[in-house]
Amino acid sequence: MQKVILFPQSCKGMEDCGICAFVCPRSLFVASEEMNESGYLPPLPPDEEKCTACGNCMIYCPDFAIAVEGGAVDGSEE
Amino acid sequence: MSEKTHPLRKYMRPQVKKTTFCPGCGAGIITQALLRAIDELGLTMDDFVFVSGIGCSAWIPSPLLNADTLHTTHGRPIAYASGVKMGLPDKHVVVVSGDGDLSAIGGNHLIHAARRNIDMTVILVNNGIYGMTGGQTAPTTPYGLTTITSPYGNAEQEFDISALVVAAGGSYVARWTTYHPRQMTKSIKKAIQKKGFAMIEAITQCPMQFGRVSKQGSAVNMLKNYKQNGIRIEKAAKMDPSELQGKIVEGVFVDCDKPELISSVAALQRRTGGKE
Amino acid sequence: MSEARRVNTGTHFMMGNQACAEGVIAAGCGFAAGYPITPASEVFNALAKQLPKAGGTLLQTEDEISAVCTAVGASWAGLKSFTVTSGPGISLMQENIGLAVATETPLVIVDVQRLGPSTGVPSIGMAGDMVQVARGSHGDYQIIALCPESPQEMFDMTVQAFNLAEEYRVPVFVMAEGFVGHMRERVVIPDESEIRLVYRKITQGGEPLTRRDFLDPEVASMPVFGRGLKTHVTSSCHDEYGMRNLSDPDVMHRYIMTPIQKILSKRDRIVEIEADYEGAKLVLISYGVVSRASRQAAAMARAEGLKVGTLRLKTAWPFPDKEVRAAAESADFILVLENNTGQMYPYIKAESAHACKVGFLGPQVLGQIHDPQYILAKIREIMK
Amino acid sequence: MAQTDINIAGVGGQGSILAGIILGTAAVTYDKKYAVQTQAYSSELRGGFAATWVIVSDDPVGFPRVTAPDILVAQAQDAVNRFAKVLKPKGLLIIDSDMIPEPPAGIERVVRVPATYTSRNELKAPVVANMIMLGALWQATHIVSREAFEKAIADFVPRGKDKLNLDAFERGARAVENQKI
Amino acid sequence: MSEKTHPLRKYMRPQVKKTTFCPGCGAGIITQALLRAIDELGLTMDDFVFVSGIGCSAWIPSPLLNADTLHTTHGRPIAYASGVKMGLPDKHVVVVSGDGDLSAIGGNHLIHAARRNIDMTVILVNNGIYGMTGGQTAPTTPYGLTTITSPYGNAEQEFDISALVVAAGGSYVARWTTYHPRQMTKSIKKAIQKKGFAMIEAITQCPMQFGRVSKQGSAVNMLKNYKQNGIRIEKAAKMDPSELQGKIVEGVFVDCDKPELISSVAALQRRTGGKE
Amino acid sequence: MSEARRVNTGTHFMMGNQACAEGVIAAGCGFAAGYPITPASEVFNALAKQLPKAGGTLLQTEDEISAVCTAVGASWAGLKSFTVTSGPGISLMQENIGLAVATETPLVIVDVQRLGPSTGVPSIGMAGDMVQVARGSHGDYQIIALCPESPQEMFDMTVQAFNLAEEYRVPVFVMAEGFVGHMRERVVIPDESEIRLVYRKITQGGEPLTRRDFLDPEVASMPVFGRGLKTHVTSSCHDEYGMRNLSDPDVMHRYIMTPIQKILSKRDRIVEIEADYEGAKLVLISYGVVSRASRQAAAMARAEGLKVGTLRLKTAWPFPDKEVRAAAESADFILVLENNTGQMYPYIKAESAHACKVGFLGPQVLGQIHDPQYILAKIREIMK
Amino acid sequence: MQKVILFPQSCKGMEDCGICAFVCPRSLFVASEEMNESGYLPPLPPDEEKCTACGNCMIYCPDFAIAVEGGAVDGSEE
Amino acid sequence: MAQTDINIAGVGGQGSILAGIILGTAAVTYDKKYAVQTQAYSSELRGGFAATWVIVSDDPVGFPRVTAPDILVAQAQDAVNRFAKVLKPKGLLIIDSDMIPEPPAGIERVVRVPATYTSRNELKAPVVANMIMLGALWQATHIVSREAFEKAIADFVPRGKDKLNLDAFERGARAVENQKI
């Protein structure tokens, strides 16, 4: 089951944003090589296995570019 | 991979494809915090009217949110929102706007709405700068900081907006940085449910303007700063003011109940025979 | 929507400002905002007492900026909305009057004009805000403004202002003068059933942002809040759907022109005048309380055998250009009488100079309405 | 008398303006006539001037400003100083003779009313001097009916003070009875 | 008996024969308190510029005081005064105006001047009402009170203006009723000497309008009320909020030192090389 | 008084807004207040950097109301004072512009006009505030307004505005359009010694309130603060001595008329135009950046043998009535070109309709200056 | 030596004001019978002997109608 | 050539507007010519459009708006889509051939510059693509002198980046050398 869903067209890029990478406790995000339609480099989907579904990437992504399913989105306080 | 949509997408106008914010701008985090609050409260967009002023932050509801939305002039959203609330007392009226909008040009409406204790939720997006106009000093810009209009350093003291609104009479006042989006959501929920004037001061990164002028740089750097320097009110209360230099005090500053404007009008009229 | 009516039917000896408040209530106003100011205060004071009894609400705001904003907000909440002030307050409202225009918001604003500029003399009336009301906000736009000459008309025109505002989705101004606001006179308030009221057309569903709720030359229905319409209203340039658009030149053009044309194309239904100049060689053009001096002077002149007529502009804006033109084309001389230094004069002259001579006569002493004798002397001078 | 222009003037606190409002109300509300009432006063609470102008007419009133009144009711010397000069040539001057010892020269028709003395010493109510002046105005002109005046007075004076005020009105009327006008 | 003149007469314009206030109005007591402060400090009227707005209280300096005086528009005196101070940094700039003027329409300038900590003394004459326009509700009118514009009782909460200005950043803030003119004078002296933003909130009787609408009646009755219900901050601090109902807390709320605007500008420019 | 000059002499490729800031400094401005707004922000941004180095100070205020008030305060403190904004800010300033007028305060306000009404389109320029600037505050009054057509003139006219403000004790406006403010062009800044500067006449003693410091048709000397003059300045009606007077009708009359007459009686020294219509049958009248299109269109028309001339109003207010009249009386047709829907048109028509035909041509698409070809087409249509 | 000097023309009357009477610890002020030029009834001068020169009447009089000489004007706090 | 109207356009972030400012500065400040520069851009930081218009002339410029340019320098497909249609009949189109694979039909004079590739891959500095386009413009038109261009570039680029930018300019110039225009 896929836990983290990316919407790369919504992303504004790992270069200027990169918040997902910063807030992921497992550091699962790296930039893709391919620009999206707006010219930004979105992250690659994280390695599902390592993901804890903590929800950080979703909650912090300012551009609604990530959804996390089935995790304790509300649970873990920083 | 993405036939699915983002779970909060349903609260956005279908015509709007993406946010208007710069990469890494905290406005989007606050938008999520707000929508998640609505989601968790089980309310629908038809329960709300959103009002905003002018500025980057004012574009959070306009046109993004799929609800009745009034995008007004610079500084005036709380005044407009007061009229909306007088006309639609059963709706949740939520103002989302910037620190410049609400505390510089609009400061008077902010304190008077708080004083009146009119039932309303204000999300004050505090990025410490005028974002949209290009990085000028705001009333929230720290003393000494170099900006476009204070090239030799800001000679003015900054507002503690939450303290100001507490003093003005707000019923619920909380401050959170974008590094604490979950707490922010929780506070927004409380604010929406509060019968009275409620404000969330959302401290947020503006990498494009504040980041540039302050030389704090990227969104991630600014979030790091929030992480390092954010401190809870409960803890701060026990500290010496000098220790709080450079810290960002977060938490709930007031949560009380007192007569709300619109219900007071009704109550007084009943009492003095103004209403049949 | 609560309807806030309680018509004070009968014959009264009533202050103009009180008559205005009665008009607000008779028109079914649901919300009034205000901030005290001489010589307008009595209107809001009276509403504070009477409007709640008639089912409306009101808010005394922290200033006039907030008053106009709050009234616009309440209008979008579906209520007939109102505010009242005098010159200094109108000056402060200018920016947000622009919003009301740009968002096509029905709204009635009464300006009980006083002697200016600046703080001036609060208790002395003048008609000093006549161009300000139409051009005082930045950018190009069109409003409606009416000029009462008596307490009776402060009642009548206030009701009419609400009707025009609701019908055309536009801010409508009642340009009273302090003299009329504070004057007491016989005021007849008709039976509730005899007062014609207009209510805005409200959008009845349809997909948000595909409904044409704005920029309709025929007046779009208004997508008021609170009905699940998911309306988007913006003070910025927007298209027919209410969507902000800051890049398309054609949208910009329509954003400016359509609300102007919406009013101008219906000017024949809006503009009201009183013409009494058949066979006259000299026509006195005036508005507001000066019209009463003008009529008296004309009567005195006619009694002397002088062919003098009158044209009274009950509507100041949209400007009665055709009506002025007609007068100019039938006469040899137009004399413009205004309770100021000649604010409407250029607008009148522009429409009459092609056809006849045009002159201006202000009050002998600014702050006091023209004495008919003074006008008569001028008439004699012109016609000799 | 198609139209009568009246000026009632005094210093702040004497109730001149209220007298004008009562006159207008009597004319319009109770006598079904037409009337216009306007006023002016200085910002000082006492010592400043206060004046009202009332036009009473059988027909709708045209020009609403009084430039040369038919009647001047003067409650203070200051009122005479300010306003007597524009009284119409054959105009009527009604003065509170306690406040204005000597009417200005050249005015032929003068009515003298000891309103201040009467109100203070006989009625023990200085505030009703204006009603005394109204009574005198009525007696001297019958500009509106007495019934109308009495009803209008009742509309404006505090509850329970009707009698006192009507009494004052009566005394004003009587004070004028025997004066040639 | 009076060839002599009043000892404070010398500070008044010779052309002005008397005050414009109603009998028993507290404005005159405050005027005395101010002039006595100037007298006791040994300053002359040439050391001052007075600025006021519109309202009865605004006529305290205009035209009474024999000094440079700027009588401005309603609500804006602090903004005008800021400009005067920028141009004449060595003069004492004193704003005297009403509660409506400074805290209703002018509220934004008040909090921003306090935030900036611009060197200025504000005497805010708080009579709890709009006096000049005839007794309408002010932001300082108590909850429930019947006024001309709240005939069924005031449904709004009232401002604690001193608390607001403290929260906004004022350096010296004190409140006194006209029953304590000596203490008021002392505070005004401190305020004038303070390098920074200083405000005296002078609670005062308006027998004509407030007295009438509140049915508190005469000037003396209102002074009696101040006598009975005035309570010092030191004492109030130890009391329960419920015990403070109807009390008027008096005293000095803040007296601190922080960077003042105009000297900060100079200091920062020196530091960053803006000034040669 | 500190003199804030540091003239950036030389030839520059410079943005209009930057040239304006250079003009502020060259004029010896001592104080600037401002609040950010597109498309005017660059002026204050530049001053923030440059003015302190030239000995001036500035304050970024909490809003535009405070900006104009603060600038007036600083002017009374003896400094040449300045603020800059765009339409929404001008709207907010209206009440206190009235104070500056009523108190005869020298002050320069630059309006970098944008597309309105309301928030409109910040980045698109128009000349939408042309009547607002003269009639946007309540009451009757007169100001001076200049219309630059290029960055060079944003420098020149800013200096000139300070000179006029100081000479006549009046607020002076520079009515730039966003297009000009944001345009870069060659700007030549002369040597410091070649820039003529005017300083207000300052009262030199005398008894307070017996000195005639106000309402002098010949411009009274200004009793600035801080010199022991014990000046009294009020926004209320006042007499020649500055004393408030709310009861004397003659004082009220003079309070309104004298400041108006002070300007109008000197209009010949103030009004500047550029006339090039000798022998022309059709005269194009315009101001601001449209004048550049107008000249080009006229040149093209003349190349076709059409007798077309131009009249450019460098001064918009006081209104160049005589100059317009002269043009009308020498031609058969006046065509008014404005970068708006025709704001000055009635004022121009009022002074020309007696003598010739008058027409108006707005931009083809509002927000974009008239294409000369578009004007030419209209010229051909009229003249055929 | 006279301690309390009245300026009756400045007074706005014992009827409406009367503050001097209220604040005088010895209750030394009573209304005169004679109106001043503005029509107000000022107080009569206090009995010098009973006056303590406390200064209250002067400091509280809103119309600058009373001066007290030689007393401890600043001294006594309420 | 008395007057040349140039349009430089791309998407936000490509530096089109800066290129226009440099061109104008070169003309006015260093070549003592006349120039006008105007611009337009959308509010999005990236992906939106950005365009500048520059008029270079030997004489003072009259009408300052460019309605039909002599030259269009297009850095993105969007620029061609928006602006190519108003290029003068015999106008010159200079395109970044990496971004615009195919110039629109009907335009005869087209110059192709591999600016994106060169800047990214050869100079490792994507931000200097605009300088490459400027170099091409210079080589194709000599609208201002090379010295003027170089001085103007030095005025605007960050300290220490002069060489990189001048290098880019040079590469742009060389890319055009052999193209028929």
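A, B, C, D, E, F, G and H label the chains in the order they appear, each numbered from 1.
The criterion applied here is as follows: contacts are C-beta pairs under 8 Å (C-beta built on N, C-alpha and C of every residue); 3 or more make two chains touch, one makes a residue touch a chain.
Predicted, not measured: the structure shown is a model, and the values here were computed from it.
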Shortest chain-hopping distance from chain E out to chain H:
2
If every chain is reduced to the average of its C-alpha atoms, which one ends up farthest from chain A?
D
Ranking chain pairs by contacts, what comes out on top?
C-F
Gap in Å, rounded to a whole number, between the CA centres of chain C and chain B
38
For chain B paired with chain F, centre-to-centre distance based on mean C-alpha positions, whole Å
39
Within chain G, the set of residues that touch 2 or more other chains is 12, 38, 40
In chain B, residues with contacts to at least two other chains
22-23, 54, 73, 104-105, 107-108, 112, 139, 150-152, 265, 269, 274-275
List, in ascending order, every residue of chain D touching at least 2 other chains.
43, 46
Could you pull out which chain B residues touch chain A in their complex?
1-2, 4-9, 12, 18-19, 21-29, 31-33, 36, 40, 178-183, 207, 218-220, 223-224, 227
Going by the contact rule at the top, pick out the chain B residues touching chain C in the complex.
13, 15, 45-46, 49, 51, 54, 62-63, 66-73, 76, 79-88, 91, 108-109, 112, 265, 269, 274-276
Residues of chain C touching chain F in their complex?
65, 86-88, 90-92, 94-95, 98-99, 101-103, 113-124, 126, 128-129, 131-132, 135-141, 234-237, 246, 249-250, 252-253, 255-257, 260, 340-341, 343, 345-347, 349-354, 365-368
Quick one: which bits of chain C touch chain B in the complex? Just the residue numbers, please.
30-31, 33, 52-53, 57, 59, 61-63, 65-66, 69-79, 81, 95-96, 98-99, 208-209, 225-226, 228-236, 243-244
State the interface residues of chain H toward chain F in the complex, per the touch definition above.
21, 24-25, 27-29, 32, 34-41, 60-65, 67
